[in-house]
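Chain IDs A, B, C and D follow the sequence of writing; residue 1 opens each chain.
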Amino acid sequence: MTLTIGVDVGGTKVAGGVVDPDGKVLARTRRDTPAEDVAKTRDVIVDVVTELAASHPVTAVGIGAAGWIDAARSTVLFAPNIAWRDEPLRDYVSAAVELPVIVENDANVAAWAEFRYGAARHADDSMIMFTVGTGIGGGIVLGGELVRGAHGIAAELGHMLAVPSGHLCGCGRLGCIEQYASGHALVRFARAGARQEPDRATGLLALAGGDAELITGPMVTAAAQAGDPVSQHAFAQIGHWLGIGLADMVQILDPQVLVLGGGVVEAGDLLLGPTRRSYVEALAQRGRLPVAELRPAELGNTAGMVGAADLARRR
Amino acid sequence: MTLTIGVDVGGTKVAGGVVDPDGKVLARTRRDTPAEDVAKTRDVIVDVVTELAASHPVTAVGIGAAGWIDAARSTVLFAPNIAWRDEPLRDYVSAAVELPVIVENDANVAAWAEFRYGAARHADDSMIMFTVGTGIGGGIVLGGELVRGAHGIAAELGHMLAVPSGHLCGCGRLGCIEQYASGHALVRFARAGARQEPDRATGLLALAGGDAELITGPMVTAAAQAGDPVSQHAFAQIGHWLGIGLADMVQILDPQVLVLGGGVVEAGDLLLGPTRRSYVEALAQRGRLPVAELRPAELGNTAGMVGAADLARRR
Amino acid sequence: MTLTIGVDVGGTKVAGGVVDPDGKVLARTRRDTPAEDVAKTRDVIVDVVTELAASHPVTAVGIGAAGWIDAARSTVLFAPNIAWRDEPLRDYVSAAVELPVIVENDANVAAWAEFRYGAARHADDSMIMFTVGTGIGGGIVLGGELVRGAHGIAAELGHMLAVPSGHLCGCGRLGCIEQYASGHALVRFARAGARQEPDRATGLLALAGGDAELITGPMVTAAAQAGDPVSQHAFAQIGHWLGIGLADMVQILDPQVLVLGGGVVEAGDLLLGPTRRSYVEALAQRGRLPVAELRPAELGNTAGMVGAADLARRR
Amino acid sequence: MTLTIGVDVGGTKVAGGVVDPDGKVLARTRRDTPAEDVAKTRDVIVDVVTELAASHPVTAVGIGAAGWIDAARSTVLFAPNIAWRDEPLRDYVSAAVELPVIVENDANVAAWAEFRYGAARHADDSMIMFTVGTGIGGGIVLGGELVRGAHGIAAELGHMLAVPSGHLCGCGRLGCIEQYASGHALVRFARAGARQEPDRATGLLALAGGDAELITGPMVTAAAQAGDPVSQHAFAQIGHWLGIGLADMVQILDPQVLVLGGGVVEAGDLLLGPTRRSYVEALAQRGRLPVAELRPAELGNTAGMVGAADLARRR
């Protein structure tokens, strides 16, 4: 039984695990991310791998990290929350731990984990996953393989255009879907709703000490679950745009399964309901033709670790 | 040297050719399409194949047709301009001509031809093609293979959303990109421009006998090439939206090459110029990262025949 | 007691009435409109006035007609459904009937009637009316007077922009609110809905003999009242845009009252409900400041006749 | 010759002047605004009036201030940059200076000044002015009178909807025109352009020390005037939306003259050119009908003082 290590490098934590071929995590460890210190972050990754490799006979290491990774899966071209620029992460870690290493985008590894062991494990060919956290990431599997793109930068699903001349995106363009369907958008919609209609947002405002500017994503989820109408409407708004984005994926790639993952998905039917309605409406013109089933992600936080480990096994 | 037959089934013509492994058409023939008679259309296809097979030793037949084709490439589920509904075209033709047959969507076969022998022949892995005729079709090649989708209906690129609540599409939804970037849209923009600013559209209106409602696509192309500003602006308008759609393809799939084909492309730089500007602007946030080169299609009308024949060879 | 005649010139009927200062119609008559014969249409108007004037001592005549009327209220510059172009209607009728005549836009006279005798009769200063028929007309009263504009062409409320790059309007521009909030839009939304989701539109399709293309406005109203969800959604869609247009009127002119009139309003709360929700939501940022009350028109078909007569009295 | 005082209360300065019936400023004074101290701000206004009244025989005082003023022109309901809430400013100042006082919105007084003495002085009936500073204010004159609205809050032209689901406005709604056509939008467009295409924004970035986030409005104006293409494009973008907003004013109110004022207008043809093109294009469907002339404001910073004084004279 081949064991591999998966490492999920986040902006605040580096989490590693030993994963078996069934996707089971046999051991795990985690460290804080010294995000502003490039060299220390590398060494924390090496520490995590070294610790896990000491107790398990592993054959390879997979690292998942937010950012643009090159097509060879060796260099982090740019990372949004760590100070990496053209960082040759694969070779550094490989030399230090004396194991083969691959580096992969975090949304890609999560999608791969869901394809192999999670919400799309019954699919044998294709799935597309939207990972909706603060921003929106994506992962695409076609023909049983992750689509990495000619330059390693496919599946940037958050930067499809949703609204021409729409809200300014962090990327500099107006109207990317990330500005309408992400956790960031959820909070923006909820704050606007609470300012406009405070009488209908009493539950949400109570959590924020009465100040709409202090509303956070977890508050919107909690208030929505407790019945707060402004919070529920904020979920309906992002679900509307998610459904449109998912429907575009069907028009373009016609996958077997669509998966919705990321922290925002914890809201369950509060998000899935409106998303599904919008998705079905946007595809109504397909008539009675089959379209991809839409499912919530199942692996939660461990998806990154499991997906990275599995990709390392298959390198 | 294996020879195969490619048949391009259009709404007005059925064109067939014998194609060699270098993509050369060794012989060809064509018939009118009896589009409203399902049985006769089948028989015309059989006639075309039989005629060509009589003079060349062919091993297989590929048929390209507008419409939704099932994942097994055997049945036309729905065709927009022929009265086929769940038509088992592969088995009928195969039995009649005693050769293996595959059926494929017309935009897919054209894209495949450009990938193998045309504008993207230097690409070894991935390309995406927008075929801009009256409507918009698409073809996607990834990993050196045509992406057909889980249900055979991938690459319906004309039905990505461009404008929320936008112009009514023939599919029933508001705002599909086909309503902004197709030949149909070109004519609509040109007619509206000529009605609004007749003094700037004298060249175009002269071609239409003075009546904006009689403006056709070829008139817009001719007038634009002769310097008519309203016609040139109509090309700029569809180019703007095409650039946005192409940029979305980069965000989603990061291909090696993008190809723009179909009848509208005959306008050359009148269309390619604005398309390229819009494409570059929409991707400006990628900074210095490489993105797909954008090229015009090279094979023109023979793409369908050549692509269908090549897919039959590789079946 | 001064009596005047009001004449409502429509595309199919010319209806005239003798109206007293309380807005009561004391006598009325109607003729078919020979819409394609300019001279005959003039004479039908003269006939209607002559008949009414024979039995009542009237002092002036007001004529309401669709189209652009000049600032002097004498000439029809352009009419959409009658072949008038720069038609000196006032002087022709006045010479024939030997009475003072004014000509006014049909939506303006209807708005004036509602201001004086209908839904806005309690307002002493300002009201704005959207007349939603096949298209959208408007009327604006400020300072107790009809706003006619510097060139006689104010209150073309149907041609405010609703959706940039939106649906093509008959006027040649993309995205006018008339394309989203008129009776024409209602039918378009309903047909699209019935095509997309026939199972939810069985009531509506039954009225149209099963063919979505044969759906008419009265069918949508009837089906919506009987509970058909696709028809109700079509009303919700136009109500959404009407609410936005009405809210813009508050931002621009802050009137005492807003009135919604025209044939589509017969649907009652099916239209008023969604309109009011959208209106309130669009103005939520005004907080607790007062905004104009939104009311349905009260005078129905007689508004044109009554308003024209009253404007003639006040000429 | 009646003299009156006009006071322009801004967020940083209180400027007062003695104005004669020809709109000439005979004397002026200014103080800093203690914006966070409501009582002190009142007293600064009183000081300014007292100083001016000591040397000139004035008969009334007009005060222009940003914010919502009640219909009686006595109370500031809400001010965006001074801590006034339901502030009875008229009565306080009137009691202190023993003169009649009126309070009016700052964009209204500026529009009135342009109507009487500035860019629209040749108009005898109607004009509409967009004041484009950081935000967008408006003023409407119809029938020779300022349109104040039923509740004193007309002409909030910055909060007409421009883009459905567009950029979040400070008012809480998505897509107000202020988010696309104001000085704030100019800076946002310029920053985004400089981030996306730094090679084309070298002139602009040089002014900002190389950091796009430090770009300010005056920098964009200076760079645009020096030929910086990204800065010029930012002006073209806001001009596009201004033209659409101005065209909507023609559709709604058909005024004699449209005036564009506010600090952004100092860019001259860099802004007026694109604005005029967009305005003309949006109204092209009116064909050969006359539409309002579009002119830049002429009075600059003194418009507020002059307009307030003139309204006080006419109270």
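Operating definition for what follows: a contact is a pair of C-beta atoms (placed from the backbone, for glycine too) under 8 Å apart; a residue touches a chain by one contact, two chains touch by 3 or more.
This structure is a prediction, so every number in the text was calculated from the model and none was measured.
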{"item": "Pair of chains joined by more contacts [C-beta pairs], A-C or A-D", "value": "A-D"}
{"item": "Farthest chain relative to subunit C (centres taken as mean CA coordinates)", "value": "A"}
{"item": "Same-site or different-site touching of subunit B by its copy subunit D, using the half cut", "value": "same"}
{"item": "Subunit A-subunit D separation of Cα centroids, rounded to whole Å", "value": "46"}
{"item": "CA centroid of subunit A to CA centroid of subunit C, Å", "value": "52"}
{"item": "Set of subunit A residues in contact with two or more other chains", "value": "163-165, 172-173, 195-196, 284-285"}
{"item": "Residues of subunit B defined as touching subunit C within the complex", "value": "163-168, 172-174, 180, 188, 192, 195-196"}
{"item": "Subunit C contact footprint on subunit D (complex, rising order)", "value": "68, 77, 125-126, 138, 140, 142-143, 145, 147-157, 159-164, 169, 171-173, 244, 247-249, 251-256, 282, 284-286, 289-292"}
{"item": "Subunit A contact footprint on subunit C (complex, rising order)", "value": "164-165, 195-197, 281, 284-285"}
